[in-house]
Amino acid sequence: MQPEDTPELRQLYADFKTQHLNPLWTQLGDLMPRHPKPKAVAHVWKWADLYPLAKTSGELVPVGRGGERRAIGLANPGLGGEAYISPTLWCAIQYLGPKETAPEHRHSQNAFRFVVEGEGVWTVVNGDPVRMSRGDFLLTPGWNFHGHHNETDQPMAWIDGLDIPFSFQNDVGFFEFGSDRVTDYATPNYSRGERLWCHPGLRPLSQLENTVSSPIGAYRWEYTDAALTQQLLLEEEGYPATVEQGHAAIRYVNPTTGGDVMPTIRAEFHRLRAGCETPTRREVGSTVFQVFEGRGAVVMNGVTQKVEKGDIFVIPSWVAWSLQAETQFDLFRFSDAPIIERLQFQRTLIETA
Amino acid sequence: MQPEDTPELRQLYADFKTQHLNPLWTQLGDLMPRHPKPKAVAHVWKWADLYPLAKTSGELVPVGRGGERRAIGLANPGLGGEAYISPTLWCAIQYLGPKETAPEHRHSQNAFRFVVEGEGVWTVVNGDPVRMSRGDFLLTPGWNFHGHHNETDQPMAWIDGLDIPFSFQNDVGFFEFGSDRVTDYATPNYSRGERLWCHPGLRPLSQLENTVSSPIGAYRWEYTDAALTQQLLLEEEGYPATVEQGHAAIRYVNPTTGGDVMPTIRAEFHRLRAGCETPTRREVGSTVFQVFEGRGAVVMNGVTQKVEKGDIFVIPSWVAWSLQAETQFDLFRFSDAPIIERLQFQRTLIETA
Amino acid sequence: MQPEDTPELRQLYADFKTQHLNPLWTQLGDLMPRHPKPKAVAHVWKWADLYPLAKTSGELVPVGRGGERRAIGLANPGLGGEAYISPTLWCAIQYLGPKETAPEHRHSQNAFRFVVEGEGVWTVVNGDPVRMSRGDFLLTPGWNFHGHHNETDQPMAWIDGLDIPFSFQNDVGFFEFGSDRVTDYATPNYSRGERLWCHPGLRPLSQLENTVSSPIGAYRWEYTDAALTQQLLLEEEGYPATVEQGHAAIRYVNPTTGGDVMPTIRAEFHRLRAGCETPTRREVGSTVFQVFEGRGAVVMNGVTQKVEKGDIFVIPSWVAWSLQAETQFDLFRFSDAPIIERLQFQRTLIETA
Amino acid sequence: MQPEDTPELRQLYADFKTQHLNPLWTQLGDLMPRHPKPKAVAHVWKWADLYPLAKTSGELVPVGRGGERRAIGLANPGLGGEAYISPTLWCAIQYLGPKETAPEHRHSQNAFRFVVEGEGVWTVVNGDPVRMSRGDFLLTPGWNFHGHHNETDQPMAWIDGLDIPFSFQNDVGFFEFGSDRVTDYATPNYSRGERLWCHPGLRPLSQLENTVSSPIGAYRWEYTDAALTQQLLLEEEGYPATVEQGHAAIRYVNPTTGGDVMPTIRAEFHRLRAGCETPTRREVGSTVFQVFEGRGAVVMNGVTQKVEKGDIFVIPSWVAWSLQAETQFDLFRFSDAPIIERLQFQRTLIETA
């Protein structure tokens, strides 16, 4: 349905170029497809590949001012080598050697960490030291100073999630260096934020203004595990509690609003009973899972891939996906759903058998 | 500034009566005073007076269908004998004898219970049995079926708080009888609502719709105590955590929104260090305190009254008040603040020395 | 189901009185009825009765500091002579003689005026003179200074609506005297608020903070009439536009939020085609209508009453009502719906034939 | 601050590539700059260049199914030739010849049109024909079917604004073809949406649910002009009304919420008095202006460029800008501010002299 190729048309197109113009009619189907056709592809990274490379980085690459973090981004194979796991999200494995310190800085980009194994690092967020241990989900919302230090003789690795691609693409990011060391080397079991806020249904009377991001710095594994355990027990007892039969899940939320922990990133934890298979879903927006424990498979665009502890996979927008649990199957999940929902682009399709 | 008293004026006023009219100019100062001038008065009820009368009621008054509850309302001396502790709020001591059951019903009125001592009763809310123990704050939001049963050989008493006066005055209440017995005589330690919701910062993925009232049926003393303890510890360590020096406090909230537990009633718990005195405040709206533990005094309109465990006092709108702690001083508080704030009538005056 | 009448019970009840207590079981059915049983009754006031009495008041009663307003409240026959048209609402006819000024004051109570006939008065709200003319709906939200002056040689009457009963009952009101005269005797056709805000879908960039009440001081008849006319035309053309067949209606709203004009009062205008009958409704909360033009009837609790221009009727909570239009039938309506809805007590029952 | 270049490091970097990894430390400053450093550049397109090319397109390029629209996108010189005026926004000149029809389709992308000159086209949005005339701002929110037809013997051109780049980048778009012709060739002066909604402060009672986007299809020039005129008059009379001295402005809003017209696009109209200069601002997010009338200049990053009727310029994120009015200077503006604000990335810096 393109116009006839004539000298006049060629001249017109040349004039367009000169004048910094570009017609819609030559590219409509690509720019505005029938449904999302992401450049990003579904992909699995194996922990068995990631961790050794992180360890080697620990030997070869110093951590300090300038580079700031020994973080290795997962680069979606469809995105031209950029360190973007999806168009909106960054996911990296970060590695901190014995006694090392990652210096303090702050940025508009929202960040979290999730710990698939290990302990011994404290992240200091706005001066509040936060212990990092296996299963914990830890927040560094935009513009909070933060640095990390490893108190032990063992290295520690974890994953970072941020909205770096979104911020970069849309030119919203600010960055500021802070102290070259962390401002408080104390190693308390619980951060001050947790001590103020981690009492279910209780709000400090001194903290009545809602905050854009959650004031909870650490969502501890003990609570997550207990919540999932209770959902499966309630299901067994015959009460509604799970998302689907055999599929327990919680969303990490901001206690001042009940909504997502940060304006751009949603985080959840899912537990499937052995044998459970979820229905096939398509959703607008991109999502990342890391297997925390157990064995199973993810099916993306009809391709089944086995995954186990530490493995990370990304599901781009509108890719059909489902999970299959071989054993009890625990997965951490994060996504750009707050971006999608706040801008009213959400859509979900659940395929029936 | 009233018009001259003439036969014509008398005729006019008589005609007003006949036509169901009533002029503003004869009553302006009463109807629209310079500041709130409540009919309700500041008053203290002593637990030492209340409990024995509740006990006697237990002997003389059966509990069952029709009367529904062995609840004795605290009647503000300024409100003409009505069982209203303030124009908006109802506060009663409820008493349930050994092995007794209070039958199920539901009503638009929002209700809670607070337990100053004792244990052994379960309240069954929409079929979910909720243990009642000392220090617990328990919810029965509007239109939830509920009944209570005492599993023990000991009586148990607690206080009920409701918005009965508000609902009655404004004609908003519906009422429905339910089962003559409770629908589930199980006696679990934790209700299903707690098991789903009492994990700090974690929201069940199966429960993403916000609810008008909190889905938490019981706010346990262990959490309240821990939250207050942490606030005072943080204060000692030099961090902002308390409302005022020596004054820790939490608000009970709806985890789906971070806001008040019910649309008409706010509930809080306050702890003062021994020796702490709060500044004198005036607030729009009425509030009720019950001493949970410790000794101290309340000053209302300049009058100081000693209060101790179980004592209940009401502070009507715009009455000047402060608290003084002799020992560590723990107080449960509830008020009509959600009514006042949702309708934008809030005002506070803190008097400086 | 009451306890046996014994000397011990009588002693108990006497002790209750002494201790300012009042049991629930003797009064449950009254306090918590199966559905709202308002003391207020359905009632019609005829303009033909109201206006002459207002006129006589104009002759006998001065207007000025102290009495403040020559306003005659409609006293619901069920409410013991109080000048309350319902438990929450005040409705009065106000009368201002030629060249008279009603002095300035302000109060927490929210107020509006609606003009069923006449012109020539300006109400000055926070210094902004607002013309009052037939069909206009005019706002004086809480705590705005306001006074009125009549520029003409003719008296003028209109109705006032306020939340005085609610404010009085719940002790939320403050009052302050202002200037003995109005602060600006200018008589512009349009107030400054209208000039800033009355452009559909356009918001001044200098006014981006939402306000609790509408910043529009006057909702002009020309717009109301045009909106209703368009709804009926669209209905004729076959498009959805009316509430029900033959029944056009608009709600006056706060342009900063799209919600009600004030936190406690909803206001609407309804137009029925000749012959239209609305279904019978019951609603929680009280509502008042004034006929603006045309003839018809209101049916309340099964009783049909003819009403015409200027007549005012009140429908208490849960009273069954419907309207019948003999001619084209225009009615102004106000209610306490924002109170009911913000506190989550709303319920509606539409009876099917 | 990069690690020493050794064979081991090269091997590590090669392994990263193989495993689809990309380290942060080699690119931190680019990915997370101190402040936004957009690839997009400040640029001006002259109407005198745009219109003739649109006209030639009208001669050489048919409009119809497939290409869908004769729209020529303004391609930011910094964005590699893509038809993106900024990373989030699309801006095109669309041209429709005499008697032509652009067929119906719908897409998730939000769209508007603004008419700098001409008339005679109707855009049919979900079956509602909307007249397009000079100065009108017209909405096609996401997923509404729409097509256009030109009723006259004259061509007509206007600008389109959409969130195509944002939708494409984040994989959120769906697209569906509709009728090859428009569904209603009627040419009413006012659309049904306007007839229902364009009455200031009045909301149809049949439309009480808030909508994600504005239900107003056309914001007419007559209202915009009147609103700006009133602001400047009020300023002259000494009342607050303008954004800054000599600078009137309105935001187009959704009357159901008072907020932006669409979830991703903000639209405003600005009028400067002759001689007015705005302060220099930096803002997060990208914005586009089109001069509607008058002459003046825009200063971007310190470079002053004269602009006049029809000229379009883009200000990328955090670029310093100000406006200077030679004559009375009227400008239409749109931006991605709702994206920025809903995701909490907003920041503004106003430079003082």
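A, B, C and D label the chains in the order they appear, each numbered from 1.
Please note the rule applied: contacts are C-beta pairs under 8 Å (C-beta built on N, C-alpha and C of every residue); 3 or more make two chains touch, one makes a residue touch a chain.
What you see is a predicted model; the values in this text were computed from it and never measured.
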Farthest chain from subunit D by C-alpha centroid distance is chain B
As a quick test, compute the distance in whole Å between the mean CA positions of subunit B and subunit D. 53
Centre distance in Å when subunit A and subunit B are each reduced to the mean of their C-alpha atoms: 43
By the touch rule stated above, which residues of subunit C touch at least two different other chains? none
Indicate which of the five shapes (line, ring, star, complete, other) describes how the chains touch one another. ring
Sort out for me which residues of subunit D touch subunit C in the complex. 192, 195-206, 208, 210, 214, 216, 219, 223-224, 226-227, 230-231, 233-234, 239-243, 249-258, 261, 268, 270
Mind listing the subunit A positions that touch subunit D in their complex? 1-3, 6, 8-9, 12, 15-17, 19-28, 31-38, 40, 43, 45, 49-50, 53, 56-57, 59-62, 64-77, 81-83, 87-88, 92, 107-109, 142, 164, 166-176, 212, 263-264, 284-286, 316-318, 336, 338-340, 342-345, 347
